[in-house]
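Which chain is which? They are A, B, C, D, E and F, in the order written, and residues in each are numbered from 1.
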Amino acid sequence: MLKRIAAFGEVMMRLQVPGYDLLSQGNTLHYSFSGTGVNVISALTRFGHSGQLISRLPANPLGDAAAAYLRKLGIDSSFVVQGGKYLGLYFLENGFGARPSRVTYSNRLESSFNTAPEETYDFAGIAGAIDAVHFCGITLAMNEGIRQQMKSLARAVKQQGGLVIFDCNYRPSLWGEDGYAKAKSHYEDMLQLADIVLMNERDALFILGMSTTKEQREEQLVELIPAVAEQYQISVIAGTHRYIHSDNSHSLRGFLYKNQSFTFSDMLTFSVYDRIGAGDAFTSGIVHGELKGFPPEKTVRFAAAAGMLAHTVSGDTPLASEEEILRAMTESVGDVER
Amino acid sequence: MLKRIAAFGEVMMRLQVPGYDLLSQGNTLHYSFSGTGVNVISALTRFGHSGQLISRLPANPLGDAAAAYLRKLGIDSSFVVQGGKYLGLYFLENGFGARPSRVTYSNRLESSFNTAPEETYDFAGIAGAIDAVHFCGITLAMNEGIRQQMKSLARAVKQQGGLVIFDCNYRPSLWGEDGYAKAKSHYEDMLQLADIVLMNERDALFILGMSTTKEQREEQLVELIPAVAEQYQISVIAGTHRYIHSDNSHSLRGFLYKNQSFTFSDMLTFSVYDRIGAGDAFTSGIVHGELKGFPPEKTVRFAAAAGMLAHTVSGDTPLASEEEILRAMTESVGDVER
Amino acid sequence: MLKRIAAFGEVMMRLQVPGYDLLSQGNTLHYSFSGTGVNVISALTRFGHSGQLISRLPANPLGDAAAAYLRKLGIDSSFVVQGGKYLGLYFLENGFGARPSRVTYSNRLESSFNTAPEETYDFAGIAGAIDAVHFCGITLAMNEGIRQQMKSLARAVKQQGGLVIFDCNYRPSLWGEDGYAKAKSHYEDMLQLADIVLMNERDALFILGMSTTKEQREEQLVELIPAVAEQYQISVIAGTHRYIHSDNSHSLRGFLYKNQSFTFSDMLTFSVYDRIGAGDAFTSGIVHGELKGFPPEKTVRFAAAAGMLAHTVSGDTPLASEEEILRAMTESVGDVER
Amino acid sequence: MLKRIAAFGEVMMRLQVPGYDLLSQGNTLHYSFSGTGVNVISALTRFGHSGQLISRLPANPLGDAAAAYLRKLGIDSSFVVQGGKYLGLYFLENGFGARPSRVTYSNRLESSFNTAPEETYDFAGIAGAIDAVHFCGITLAMNEGIRQQMKSLARAVKQQGGLVIFDCNYRPSLWGEDGYAKAKSHYEDMLQLADIVLMNERDALFILGMSTTKEQREEQLVELIPAVAEQYQISVIAGTHRYIHSDNSHSLRGFLYKNQSFTFSDMLTFSVYDRIGAGDAFTSGIVHGELKGFPPEKTVRFAAAAGMLAHTVSGDTPLASEEEILRAMTESVGDVER
Amino acid sequence: MLKRIAAFGEVMMRLQVPGYDLLSQGNTLHYSFSGTGVNVISALTRFGHSGQLISRLPANPLGDAAAAYLRKLGIDSSFVVQGGKYLGLYFLENGFGARPSRVTYSNRLESSFNTAPEETYDFAGIAGAIDAVHFCGITLAMNEGIRQQMKSLARAVKQQGGLVIFDCNYRPSLWGEDGYAKAKSHYEDMLQLADIVLMNERDALFILGMSTTKEQREEQLVELIPAVAEQYQISVIAGTHRYIHSDNSHSLRGFLYKNQSFTFSDMLTFSVYDRIGAGDAFTSGIVHGELKGFPPEKTVRFAAAAGMLAHTVSGDTPLASEEEILRAMTESVGDVER
Amino acid sequence: MLKRIAAFGEVMMRLQVPGYDLLSQGNTLHYSFSGTGVNVISALTRFGHSGQLISRLPANPLGDAAAAYLRKLGIDSSFVVQGGKYLGLYFLENGFGARPSRVTYSNRLESSFNTAPEETYDFAGIAGAIDAVHFCGITLAMNEGIRQQMKSLARAVKQQGGLVIFDCNYRPSLWGEDGYAKAKSHYEDMLQLADIVLMNERDALFILGMSTTKEQREEQLVELIPAVAEQYQISVIAGTHRYIHSDNSHSLRGFLYKNQSFTFSDMLTFSVYDRIGAGDAFTSGIVHGELKGFPPEKTVRFAAAAGMLAHTVSGDTPLASEEEILRAMTESVGDVER
C-alpha cells in the first residue's frame, strides 16, 4: 500500500547562524540542505513510502555534500543529475520573540537546477516509475525553462495515471513587481493539472484574483476554496491558518476540503524552535493521509500534528515518524522517555 | 552538626546531543557522569555535609574520567573501587515543547558496578564511617547480586545506628514484563530497612499493590501514604506530584509525611531547562532538612525549591547552594546579580 | 541633521559561559567588549549618527582586540588612547527562569581607563569636535581621578554649546558601604551639568535623598521627577520601570519628562534572551529622539521598542537599525522575513 | 564492469574526544559510525561500485542514526536488519607525537550484530545478488554464532560463483589468552574459502604457526606468503608494512602476491591526521584493482595511495575518489585547488 | 611619512570547513571576509598607513556583516558603496599533507561588485584623496565593465601623481579556455599603467607570451623580468618562488627587481597553517618597503618574512605588525612570550 | 612509601584562544586553572602520592570553579582558603611554527593569593602534616608579604624534618627593571632552605651573579652547578636545556646533580602540542624519583620523559601516569592502543 513518490524541486543549502546571533556578530554557520520537495519527500519516506527527488546538483564538492545529505534523509537520488556549477543557498538569522528571523538568499537563478538544459530529465521514464509527484510555487517562480519542465512532468505523470500535488507557496520576493499578475496564468496551469493542492484563501484572492465580501479569514476561506476546487477540478485542497505570538509560540489550524466538504483540525498552540519547513510537514501529512486513505478528519489532524512537531526540530526537514505524530495527536505532552 | 553521608549506586555516563537535535542530525555529544546516588550526594556536599559514593568504576580511561568528574562534584571517592571493564551509559536527545525527550541506554547490566563480585566492598567498615546511606529503586532493578549488596549494606548501616534512605524510583523498562510482581518483595525488604522513603501514591498502588476508592491523586496520596508508613515502620515519607505543560514549563508540589502528619509545599510552576535529576534534588532537600532538624514545613519547601532550581541547570546533578535555595524559597525572580 | 556624539567610559571585556552553564560546569567562554558608553554610541551609529568613544585601552593584545571590536561596532576610535596594562573584565553566567544570572568582576580599578593619568585626553579639542557627550554613573563610581575627568569633560562640552547626557545607573556594589552618602555630591555635580538625564524615582529617593509619602512606584515617579528637573535645571528626564516574570519574560514601560510634562510608552511584555545592556538601548532611543526632534510620544515609544529589541540579541550592545525599531513599534510579531 | 559488493560486519559508533584532549579533560565527543566492512564498502562505492552492508542495528534512535550515516556514506542498506538493543561503541583519544592514541571499547558482544539469531539473514538470497563479499578477522573473533554466519555466507557466495575477500586483521585483545591457538582453526576455515586475502608475515607466523629462519620482516614475508597461498589455494594475497615515526608521520609499503609473483609499491612517507581505518582503504584499493583488472603494479600502487590518503581525513572511513587516488599516485603535493 | 593607500577589489565571503573535514563530513563552517585588496590594505594599516577599500557590497545582512568585518580589520570604508544583492563567496576544505586543499566558488559574477554600474564610484575624487592604489589580476578576469573601471581608476591615480600597484595573480579557472590569449591585452594595459608589479617568470611566459631557452625557473626569472620592466616601463617588479613539501611545510624565496638590479631574500622554509592570502602579505611587504624607502634588501626580506608569518595565522588576511615581522627577520623561533 | 606533598602557590585561570587564532580574530576562549604548584602536585598525585595545595581563592563563582577544577586534578584542597575577590588570570594565544605564542596577564598582584593577610595559613599545622613542600620563583616575585609567607613555611617544614623543593623559575617581566638585583637575596634565602632545587646555569649567572669563562651552555652548567650546590648546601639540583626548532618541535635534555656527580638524560626531540607547564612535569619527575629513591639515571630519564609527554597534552597540567612515562622511556612511538 506504500507508494512511490517523487518531488521536482531545487535543493538549497541552508547556512544558519547558531543560536540567536546576527551574521555581523558571529563567525560560524551550521549548514544543511533542504527545499520544499526535499522536505516533503523526506517526511514521506519516514512514513514508509519510497521517495525520490528529481533535481540537478553541481558537479563539485558542494553537490557531493548535498547528495550525501539527501541520502542521509532517506531520499533515493537515482533521478538526481549532477551538472552545472552552483547550488542555491540562503543565510538564516534566527529571530527571538519580538525580533523576526531573517533570510538572505544567494543568486539561486544561476543554480544547477535553475539552469538545467531542457533535455536534462527523462520525464516519461520518471513518470512511469512513480505513483505521485509534488511541485511547489517556489519552483514556478524561477524562470520559463523551469516552468516548462514542471508542466511537462506534471502532464507526463497525469497521463500515466499518477497523482499531481501542487503547493501554491507564493513568495512575493521571487515574483517581483506585479508579481501576482505575472504568476496568475502559471498557477492556473498547475491548478488544472493538480489533484491535491495546498493553499488558503489568500492565494485565491491575490494570485487567482478572486473576490469576496467577507472580512474574516475563516469566512473567506469557506467561501473561496470551494470555488477554486470547482473551477480547476481539484479533488483535495488543504492548508493552514497560522497565528504568531510574541512569546516564541505559534497557533496553527489545518483544513481539508474534499468531496465538497470542509474538515478542520483543532487550533494547536505550541512553542516554536525552528519554523522553517513546517508547512512542508503539513503537506506531507495531507499527502500521506490521502495515499493511505485516512478519513478526512484523521488526515487533517495528522497533518496539523506533523506541522506542529516540525516546529520543534532544527532544520527545514521534518523528522517525525508516523508513530510519533499519532502519539502527538492523542496524548498530552509527556515526560522524558526512558 | 553536618553529617557523613554515602550513597550506594551506579555511575552512568550521560551523552547528550547539544541543543534540540536528534542523534541522526548531529555529530557532537556533551558528556558528564551522574546517577541517582551521585546527584543526591553531590547536592548534600554543597549543603556542607561530607559525601561519599560506594560504587565500582572500570579500570580504564572512562573510569578515570568518571572518577575525576566525581571529585569535581565534591564527592569523596575513597569507597569507589576500580575494576571491571564497562561503564553504563545513556544517550539523551532533548525534547522541545510538544516533542518529548528521549533516552537510549547502553547495556548497563555489564557495567563494572553491576558485575561487582560479592566481596567488592567492605560494608562493615563503610557503615562504621558514615551517618546515613542512600539507595534507590533503579539499583534494586539491576540483578540479584546487586540487590544482596544493597540489603547487606542497609542492614550494616542500620546495625551501627545510621540512617537508611530509600528512593522508590520505579522504572518500568528496567523490570520488564510483570515488573511490579517481580519487584514487590524487594521493595518491601528495602522499605522495612528504611527510615526515610521517597515515593508517592503510585508506588503504593502499583508496587505494593495497595488499593483505594479515591480517584484524585491528592486524595489517594493522603489515604495511602500513612498506611505505608504504618506497615513498614517508616519515619519519614516524602515525594512530589509533577504536572507537565506544553510550553516547556512544569509544576511541582512536594509533600512530607512525618509523625502522622502531612506537610505540603506550594505548587511551584517554572520554566524547565533540564528535567533529568531534578527528583534527586528534591531528595537531597528532604535529607538535608531531616539531618539538620528543620521543621517539616521548612524541609518540604526547601526540597521543592531545590527541585525547582535543579530544572534550571544543565546536567543531572543539582548545583545550588543552601543559600541559593533559601533565597529561591522567599524571593521573587531577581534581576542580574552584579 | 545627524550628529557627532561621543561617550566617555570604560570598555569591559565580557566573558560569558555559553548557554546556561555555570563557570564550574563549563570549559568555554564567549567574549565580547562592551560598556555603557560603547553600547549607547554603537546604537547611535546604527541610527546614522557618527559616534566616538573617549577611553583608554591597554597596549597589548587585549587592547588590540578591544579596539578591533569597537571598530566592528561602527565606533570611531580616534579619541581612544592605548596605554596602561589591564582591561576590566567580567564573567557572566546566564540565569534561567527561577535562577538569576550572575556577574563576577575582575579588578577594574586597575584598568587602563581607571588609571589614566590626568593629561590623557585633550578635552577641549574633543569638546570642539562633538555635538553631545554621554556619561554614566558606573564611571562616576570608579575613583576621584576619573570623576574629575568626567566633570572636566562635561564642563568643556557645555562651554562649547554641546549637549550633556547623564545616565544615573547607580550600582550599589561599586560604591560600597554608605554608598548613597558617598555618591550624592558627585551625582549632584553631574545633574547640574546635564541636559538629558536617565533615572527613575529610586535614584531620587536613594541617591538624592528626596522623600515622598506615596507608596506606588508610578505615583512616586510623578511626584519626584519634576522636582529633580526643577532643582537641577534638567531639560529632559527619561527612564523605565521594569518587571521580571518567572518565565524568562520581562515587562518594560518607558517615561519621558520634558517641558513639565510626562509621556509614557505602553507597557511592553516580551521574552528575554540577553538582558544586559538593554537599558543602554533605551538611552540611545531617547537621545536619538531628542537629537532628531521627535515628538515626545514618538521618542519614548522608540526608546522602549529599542530597549525591548535589545533583550532579543546576544551581547551587551544593541544592534537594531532605526527601521527595525520603527517596525517593532507599529507591527505585531512577524513571520520569517524572506 | 562495476560490481555489486557486500560486506558482512558490525557497525560501531566512534566517540572521539576532539583535538588531542583526554576523556578526563573534555566534555564533548564527536561521533560517527564505522566498521571494517563499512569502510571497505563505502570506499568501493566511491570508486563507482554498488556497495551493501550485511549487518544488524538496534531498533532505537542509535540504530536510526547509524542507518542514516551508512546511507550518507553511499552504502545501500537493504540487507541491514533492525533488531536487538545495543550498538557496539568505542571511545577514541587522539595521541600526539610521543603519546599514542587510546581506544576504549564498550561491551560489543551484547550488540545487535553480535546477538543476531541464526535465521536473521537470507544468505542464499544475498549471495545471489552480489559479485563479491568482504569479511574480516575482527568479526571472526566475536562468538561462535557469528563465526557460523560468516562461514555460511562465505560458502553461499562461493557456491554462486562470487568472490570471497578476507582481511586477517588479528586483534589480540579480542581473542584473549591463548588467542592464537583459539583463532587458528577459524582462520584456516576462512582462508580455505577466500579468493583475496589481506595479511602479512606476522599472521603466518603467529596465527598459522608457520616458522622461518629469516629475521628481516621483508625476507620473512617473501618466504611465508607464497607458502600460505599454496596451502590454502588463495589467488591474491596483499598487505602492508607500516613504520611509525616520532613526528606524527608514518611510512607504508604495500605488497601484492598473485600468480606466484610479488609486486611492491614504493615506500610512502606522509603526515598522519587520522590513522584509524587506513588499512581498510588499502583493502579497498586491492579489491578495486582486482575487480577492474588493473595490472598488479597499478593495483598495489593504487592501494598504497588510497591507504596514504585515508590517513589525511578524519574518521575511520576513506573518502577519496578514484581520480584523487590516481592523482596522488603520480603527482607531487599540490597547492590549493581553486 | 605614512601614506594613504586604497585597493580596488571584490570582498569575498570565505566559508571554511573547520579542521580538516570535507564539506560532506561536517555541518559547520567558519566565515570571514577577504579579497586580495582587503588583505593587502589591511596589512598596510597594521604597518601604520591609512587604508581604504574601493568596492561595492550588497545592501543586506551579508553586506552589513562584510562591512563590519572590514572595519574590524582596520579598513576605512568611506569608499565602499552598498547596493546590489549578492556577495561572492567561496568554500574552503583544508587539505592535509598529501591531500590538497579545495576551493569551491559561488557565482561571483553576479556579485554587487561585479555588477556595479559604470557611475558607481567617483574615481577622480578618490584619486585625489590617496597616494597609491592596488589592483590585481583576479579583478581583471571578471568582466569588461570591471576592467574598464580598473583602467579608469588607474589612469585617474596616475594623472594625480599617485602610485599604481598591480599584482598579476593569473587564475586559469577565471579566464576559461584560451585564457592567456583573452587576458594578454588587458594585462598589457595594466602593466603600462603600473609602477609596482607583482609577478614572476611564469606570467611573462604564459600571459605575455615571452620565450626563453633557459630551463631553470631561477634562470628564466633573471632573463625575463628585466625585459618586462623595460618593455612596460615598470619601476619595481617583485615576486616569489614557492616550493611545497609533503609534510605541511613550504619554502619561499622573494625577489625584487629595481633600478636594473635583482635582490633576493633567503629561501625560508616553515610549517604552514593557512596558505591562502600569504601572497598578499608578500605584496604588502613590498609596498610598505617602497613607500617607506627601505633599501631593496630590507624590502625583500621584510616581504618574505611577512609572507612566511601569514602562513601561520588562520584566515586570508595577514595580521602581523611591522615589529613582529622585523623580529621574524632577525631572530630564530622563540619560546612563549610571557 | 608514597608521600604527602604540598605546594605553596597561586592558582591562575588560563584563558586560551582555541586553535591558532589571535584574540582579535576569535570570540571564544577555553579556560582551565593551573599554576606551577598545581601542576607539580597534580602530577605527583598521578604517581600515587597524596598532594595538597596551600593557596587562597576568591569567595565567588570563579573561586568555586577553580576549587572544583583542583579536585578534578586529584588535589586535596583542605589547605585552600576562600577569601578576597580576584583570581589571577592570563590569556594565551598559541603560536604556530615561526610565530611565537603570546601570554597576556591580568593584574595578578590583586589576587586573593597575593593579598592574603599574614595569618591566613596555619603553617605549623601544615608542616606537621606533610613530607615535602614545593615553592617556585614566580611566587617569590609577587610581593614582600608573599615572600615572608614562603620563607616561614619553608622554615616550618624544614624544622619538622620535611623536604623543601624550590624551582628557580625566574621570569624577567615579573621582577621589572634591575630585576636580578632585586631578586638575588630572596633567591639566596630560598636556596639556603632548599633540599631539591630546579635551575640551570643561567640562574647561576644572572640571579646569583656567578661568572665563568666557558662559552658553551653545557660547560657553564658543569662548572657552575656544583658551586651552587656547595655554596647553598643543596642535596639535589636538576634542570633542563631546551632547544626550539622551526617546525613545531623542541629538543630537551635533563640533568641531575647529586652527591657531587652529574647524570644526564638523552637529548629528546619531539613534536610540541602545548609547551606551557612542561617544566613542571620535569620537576614532578625529579621529585618523584627522589621520593621513591630511584637511582639518579632513572630519575633524570623519568623526569625528561615526563617533560616530553607534557608537551603532548593540552593545558598546563601534566596528565601522564607513572606507567605511561616508564613506557615512553623505553619504547619507540606506538600505534593506536586498542
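Methods note: a residue touches a chain if its C-beta (ideal position, glycine included) is under 8 Å from a C-beta of that chain, and two chains touch if they have at least 3 such contacts.
If you're wondering where the values come from, they're calculated on a predicted model, not measured in any experiment.
Chemist: Expressed in steps between touching chains, what is the minimal separation of subunit B and subunit F?
Modeler: 1
Chemist: Hey, what angle do you get rotating subunit B onto subunit D on C-alpha, to the nearest 5 degrees?
Modeler: Going from subunit B to subunit D via C-alpha fit gives 180 degrees.
Chemist: Of all the other chains, whose mean CA position lies farthest from subunit C?
Modeler: Ranked by distance of C-alpha centres from subunit C, the top chain is D.
Chemist: Which chain's mean C-alpha position is the greatest distance from subunit F's?
Modeler: A
Chemist: Compare the two sides of the subunit A and subunit E interface and say whether they are made mostly of the same residue numbers, over half shared, or of different ones.
Modeler: Subunit A vs subunit E: same; shared/all numbers exceeds half.
Chemist: Of the pairs D-E, B-D or B-F, which one shares over half of its contact pairs with D-F?
Modeler: Answer for the repeat of D-F: D-E.
Chemist: Between subunit C and subunit F, what is the gap in Å from one C-alpha centre to the other?
Modeler: 45
Chemist: Counting only Cα atoms for the centres, state how far subunit A is from subunit F in Å.
Modeler: Chain centres of subunit A and subunit F, defined by C-alpha means, are spaced 63 Å apart.
Chemist: If you look at subunit A, which of its residues touch at least two other chains?
Modeler: As it turns out, subunit A has residues touching two or more other chains at 22, 24, 26-27, 68-69, 72, 102.
Chemist: In the complex formed with subunit D, which residues of subunit F make contact?
Modeler: Interface residues on the subunit F side: 72, 249, 269-273, 308-309, 311-315, 319-320, 324, 328, 332-338.
Chemist: Mind pulling up the subunit C residues that touch subunit F in the complex?
Modeler: So the residues of subunit C touching subunit F come out as 15, 22-24, 26-32, 60-62, 64-65, 68-69, 85-86, 89, 91, 93, 102, 104, 106-107, 110.
Chemist: Where on subunit E does subunit D make contact in their complex?
Modeler: Its residues touching subunit D are 19-22, 24-25, 90, 95-103, 105, 171, 173, 242, 244-248, 275-276.
Chemist: Along subunit D, where are the residues that touch subunit A in the complex?
Modeler: 68-69, 71-74
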